[in-house]
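So, here come the structures, one by one.
In the two assemblies presented below, subunit A is common to both, partnered first by subunit B and then by subunit C.
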Partner chain A sequence: MGSDMGLIVKTMARATIPLIGIFGAYVVAHGHLTPGGGFQGGATIAGAGILFLIAFGLNEAKTRINKNLYSALEGVGGLVFLIAGMLGLGVAFFYNTLWHNGPIFNGEPGTLLSAGYLPIMNLAVGLKVYTGLVSAVFAMALFRRWRK
Partner chain B sequence: MRRTVGALSLLFILGMLLLIAHPNYGLKFGLGGEDWQKYRYTDQYYIDHGIEEVGGTNIVTDIVFDYRGYDTLGEATVLFTSIAGAVALLRKWREENGE
Partner chain C sequence: MTLPFLIIIPLFGAFSMPIISLFGKKLKEYWALIISGATLGVAAKIFYTVWKTNEIILYTLGSESPIGKGVKFPIRIVWEVDLLGALLALTITFVGFLAVLYSLGYMKHDTGLEKYYTLILILELGMLGIVITGDIFNFYVFLEIMSIASYALVAFRNDTWEGIEAGIKYMFVGSVASSFILLGIALLYGQYGTLTMSYLSLKIAENPTIVAKVALAFFIGGLLFKSGAVPVHMWLADAHPAAPSSISAMLSGLVIKAGGVYAVARIVFSIFNPGLHAYLKAFNMPSINMEAVGWVIVFFACLTLLIGNAMAVVQTDMKRLFAFSSVGQIGYILLGIGIGTLAYGSRAGELALAGAIYHIVNHALIKALLFFVAGAVIHEVGTKNLNELSGLARKMPMTTLAFIIGAAAIIGLPPLNGFASKWIIYESSAMYNPILAAIAVVGTVFSLAAYTRVLFTFLGRESEKVKSAKEPEMSMLIPMLILVVAIVVMGLLPWQINDKIMLPTARMLEQLNGEYMVALLKFLGGA
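Coming up: the complex of A and B.
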């Protein structure tokens, strides 16, 4: 109590946060087909998280957002990105071996399960950007130094 | 007077930079010969070969994650380092008096 905003803002946030999240997930998942990608979609989903933090206040966000989990997921996203880059290490670093001769993600260009490691990297980078931005804003809100 | 000279010199420097950067009679780096433009401006290559070499129909994602993968790796590292530094600087180090 005290740090949240009014009833109008909370109602609008309840209505728009799922839509923003769905749109961001669409941008991340179709990063190899349509404009956008991991960075842009992750920043969009992070916008939904920051809207939740601003509209509902820090005390409500503390019970819903586990910041240690978010910090861990950011590292996991970076590691998945690096491992996906190392998949074709027999030829070169960042060689797209899943697309040329891989078992999965080698469908027709234009379908969802195509383009080799690009969907994996988009998901990893989207997860990394989302959790990283939410962690940064949450840390700024949580560890403030100024007096009340 | 001094402001006029400064503005004129800035205009002159800008014009010289535009002249140097012009692809027809500007400064050329790298390989000599007639086909330097093929090696310098690679956008048409990416548009032509991106779908068959990388597979994504979004050419920008092809470039960012495959042709220029090292750049994206460094970008992700910069993001990770900046957020780690922000959290490390902003966190509460010790119990300050009055808290």
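Coming up: the complex of A and C.
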């Protein structure tokens, strides 16, 4: 016990974790329009997860974070990316068929529902980076052998 | 088009591994086996296609044509597969498949296997990407995928200090080498504004500036690091023995080839073509002195094959001995490539390149077999110290047979495959400069001394440790036997293989008529 931090940190973390998460989700969702993208947004969301781990301690995190689920979700992120790349395989690998032929994500450039497979890929990469970074930090936290 | 499946299948296997492993304990091993088997099938198909048609496959990612809209130059990532790339892809998938098969038995007692199989598939993917790509930044990306997977795999057994130390050392050296290569790419991109290899070679020939020469120096330096040539081989002798044996087989057999000597050959022949620059020089136009580059490669090759093989003689650790022997064999391959650069366009150059390519394939098979044998010994006896291993022959006859075949092949005894490739390298170096051939033969003498020691250990009197040893299980024996059969069969048809496969491959790499560039220029004409 005692791996969590004080009341002030916990209260601040409660207030900021949702905001960090929302900002990260915004960066992911607007990846094809604004600076940033799947990786940056995913890393931002992972920042919220790491803040949770540090503020509330390893024991609390163990009850909330399911390692198997995270590792499976990381795989799902990769698979969605791969499938998005394979959609236009009739022409070429990574051919942006959604953008050229539709039916979705083929709106006016600059709007949210444009750019073909890019929003899908950003979401997939965001999921992969978020789950991957959280599992990596979680594994490092579990690996502290010197604490017995 | 089957080419993208060479990347899609291992990528799919790697990404789906965490999900698959939720459904059952044994399932992930068979999944890795299925995936690597399917990749082997795709690679065989691609090799057959390229070999049959004798034409370079050019595949554009994301569009039908690599040429940009409204411009006259290539802007997209292209994959350009010539015979060398296809041959290496076949070798990589073959040895990779056997390594996965071997892991079924060898890694049975380890934990974290879903990570192991994910990484092994990613390692394979990175090497396949390197050998098929025609875009130099894409090459760098795949090189990093391969390197990072291999750093993690070297340190996979993290309960011993050996693995972690070797992994960290490998990571530091590898990162330095990668940054050299990245710097070279950045210089070329800054100077010529393109990343497509074949277009880059035209641009360099138009205007060979000092920047191109500096970039070439960075490439050669970084890639010699990656291939473990002698002044910078120290990471290899630590990293390859510390990894699990199935991984050592892939590292020694494949990684130093795909990420090292293959890339040297690709950059020297496809980006800075010696023939093109000799032609420019003949007309008194500015050119790059590729002869100097050839001598640099030959110098390091001679150093590598002497010191690598000589260091192998004094090792007492079996896997370390094999690792040093890998350094020595890389020397032969580099010697072939160097003479191919120096004697470009002549019979000696063509033979030297064919010998180098032949030796890449042969050494991949032989060294994989030898590391499989070492792994079987470690698995059954629990030590790799040669002083404690005498008398294995009575307890593990099949393993000993596999070792004898492997050792004889790597020394270059006639009925086995190592003989043909080494002979071609000796012959071509003697045609170019007899001193180089003499140095190569001296290297082989050291190699013979090293392997004779191990052989005597196997055949000697039985020691305490090996009393309870027995043959390993079938999943470990079968890959060894497949490799033994491959080595013997390839050894029985040496000149047929050389004439049918290796010489056309060398000609296509040499590109006397600029085939590698023409494959891209076809699109320019139509646009």
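The criterion applied here is as follows: the second predicted complex is superposed on the first by the 145 of 148 C-alpha atoms of A that agree within 3 Å, B and C clash if a C-alpha of one lies under 4 Å from a C-alpha of the other, contacts with A are read in each partner's own complex, and residues count from 1 in each chain.
Rule of thumb we're sticking to: a contact is a pair of C-beta atoms (placed from the backbone, for glycine too) under 8 Å apart; a residue touches a chain by one contact, two chains touch by 3 or more.
Just so it is clear, the structure is predicted and the values come from calculations on it, not from any experiment.
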{"item": "Which superposed partner A:74 touches (first subunit B, second subunit C, both, neither)", "value": "both"}
{"item": "Partner chain(s) touched by A:31 [first = subunit B, second = subunit C, both, neither]", "value": "first"}
{"item": "Which superposed partner A:89 touches (first subunit B, second subunit C, both, neither)", "value": "second"}
{"item": "Subunit A: partner with more touched residues, subunit B or subunit C", "value": "B"}
{"item": "Partner chain in contact with A:106 - subunit B first, subunit C second, else both or neither", "value": "first"}
{"item": "Residues on subunit A lying within both footprints (that of subunit B and that of subunit C)", "value": "71, 74-75, 78, 82, 93-94, 96"}
{"item": "Subunit B-touching residues of subunit A, taken from the complex the two chains share", "value": "31-37, 39, 71, 74-75, 78, 81-82, 85, 93-94, 96, 99, 106, 109-110, 114-118, 121-122, 125, 128-129, 132-133, 135-136, 139-140, 143"}
{"item": "Residues of subunit C defined as touching subunit A within the complex", "value": "4, 7-8, 11-12, 14-19, 22, 59-64, 114"}
{"item": "Complex interface listing, subunit A residues touching subunit C", "value": "68, 71-72, 74-76, 78-79, 82, 86, 88-89, 91-96"}
{"item": "Partner subunit A, residues of subunit B touching it in the complex", "value": "51, 53-58, 60-62, 64-66, 69-70, 72-73, 75-77, 79-80, 83, 86-87, 90-92"}
